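Here it is: the structure, laid out below.
Labels run A, B, C and D following the written order; every chain starts at residue 1.
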Amino acid sequence: MHVTETRVRYADTDAMGVVHHANYLVYFEIGRTELIRREGLPYADLERDGLRLAVVEAALRYRHPARYDDALLIATAVTEVTGVRIRFEYVISLQASGRPLVEGHTVLASLDERGRPRRLPPELRAALEGMVEAGADEDR
Amino acid sequence: MHVTETRVRYADTDAMGVVHHANYLVYFEIGRTELIRREGLPYADLERDGLRLAVVEAALRYRHPARYDDALLIATAVTEVTGVRIRFEYVISLQASGRPLVEGHTVLASLDERGRPRRLPPELRAALEGMVEAGADEDR
Amino acid sequence: MHVTETRVRYADTDAMGVVHHANYLVYFEIGRTELIRREGLPYADLERDGLRLAVVEAALRYRHPARYDDALLIATAVTEVTGVRIRFEYVISLQASGRPLVEGHTVLASLDERGRPRRLPPELRAALEGMVEAGADEDR
Amino acid sequence: MHVTETRVRYADTDAMGVVHHANYLVYFEIGRTELIRREGLPYADLERDGLRLAVVEAALRYRHPARYDDALLIATAVTEVTGVRIRFEYVISLQASGRPLVEGHTVLASLDERGRPRRLPPELRAALEGMVEAGADEDR
């Protein structure tokens, strides 16, 4: 499981005084971006090669709110990889206390620049599949 | 089922040329806000009375992307109401063609200003329960 | 001067309980988009023809805050057009009271798809120049 | 001049493939937040004491676009402090090349929780005034 840190921006909050619920999808995105970067395959490079990873499914469970300026930990795991899809699972927690705030998953589909299904580049698929095994050992 | 319209802002899009996936949660929010307004109970008024409706669960299924300037229809239904929770279901479609783009649901919890559970105001609960019955007749 | 209406989304607010100041640039964008649409030249069509209008300068003066669910009026005027630049001026006010909230301007540069300067399409330039004259008569 | 780093989120981009112009105001906000934090006066703490710093004026000049995943440097300086106002100036540049992308300023007014003018807390004012002097020596 890959852990990255982010800090809540003022613009991420809403009039309820907490992070607007849509922004946890943005934090999930930061989590998987950093996980892929760690594998030496930055998503910006994959995009330059014509790959698009589009979110086709998402789910979130909100337990406690994050607030402005909170330092958050985003734990991200790859839990399934097929030729054209990747499933990521996430837990966002408060760095200070470790308290879990939001958890969820997203499923991403591999597309070409025109939005048509395209198989994952073998290098990326292999790297991600490697993480699934590791994930299965460590986290279940 | 209540239908409201919104138009995709340029700021809602991302570098993939389509609406960023987090923004459909914002469209869902517009849908339920307008549904509640139609009942004569604007959410802004409910907030002034100390009520907070916090999203505790959300799920989305993305079928086709929306693009800049698309006119979208947000169909919103109340599908469950308890003393402290409301479940809304949504279908977002293209106004021009009727093509469904994204569907999903959210569960909202009724809280007081300090974030503690608080029963829904009877008026709001009754109005929402009325819609569940109507929804069941028309849409299932 | 072209006037369009928009309503404050919950996601536009921040923990101060009012619209986050960055979002007025988004409202300005809605204003100029609708002004151009009224001329029969939707920006989405212009983009399909390879035109990009990029903001190169912006300024805002914040007098009073907008709040969640406020209906806002965005008044937009074209105040200068050259071969490659357009200057828009804006006043955002509360629909209910007419109270002005935020005013400002943006300068947009005409670019091609690769971000290089490109002269405005003659049709668009003529339409915009026509509005400058009209604006000078009516609004000054 | 205080320099902080931030990375462009995918959600910060728009369909033009670059950062949406409104988001540089969010980056400016990160810059001044970190500058104030460095002085040992986190804005979140100031807010808990009932202080609100509201943006009353902003201006930006966009020279080159930032793109997804770019590491940005936000240089922030305090250039004026009065009893109720602070002026910050910013330059955002690419970390990789040092290329300046966007520059601008904001003026913030000191308010109480109800939005009425309130003098800056002496501690904060003194800290900020100290930075103005330093800024004048080093940067002009």
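One rule holds in what follows: contacts are C-beta pairs under 8 Å (C-beta built on N, C-alpha and C of every residue); 3 or more make two chains touch, one makes a residue touch a chain.
Note that the structure is a prediction, hence the values are computed from the model and not measured.
J.: Provide the labels of all chains in contact with chain C and in contact with chain D.
T.: Of all the chains present, those in contact with both chain C and chain D are A, B.
J.: Which of the two pairs, A-D or A-B, is linked by more C-beta contacts?
T.: A-B
J.: Among the chains, which one keeps its Cα centre farthest from the Cα centre of chain A?
T.: Max centre-to-centre separation from chain A belongs to C.
J.: Take the average of all CA coordinates in chain B, do the same for chain D, and state the distance between these two points in whole angstrom.
T.: From the centre of chain B to the centre of chain D is 34 Å.
J.: Cα centroid separation between chain A and chain D, in whole Å?
T.: Between these chains, centre-to-centre, one finds 28 Å.
J.: Can you work out the whole-Å distance between the CA centroids of chain A and chain B?
T.: Here the centre of chain B sits 24 Å away from the centre of chain A.
J.: Quick check: what residues of chain C touch more than one other chain, meaning two or more?
T.: Those would be 10-11, 15, 22, 26, 29, 47, 67-68.
J.: Where on chain D is chain B touching in the complex?
T.: 10-11, 13-15, 17-18, 20, 22, 67-68
J.: Hey, which residues of chain C end up touching chain D in the complex?
T.: Touching chain D: residues 15-16, 21-23, 25-26, 29, 47, 52, 54-63, 65, 115 of chain C.
J.: So in the complex, the part of chain A that touches chain D is made up of which residues?
T.: Residues of chain A touching chain D: 9-11, 26, 29-30, 33, 42-44, 47, 67-69.
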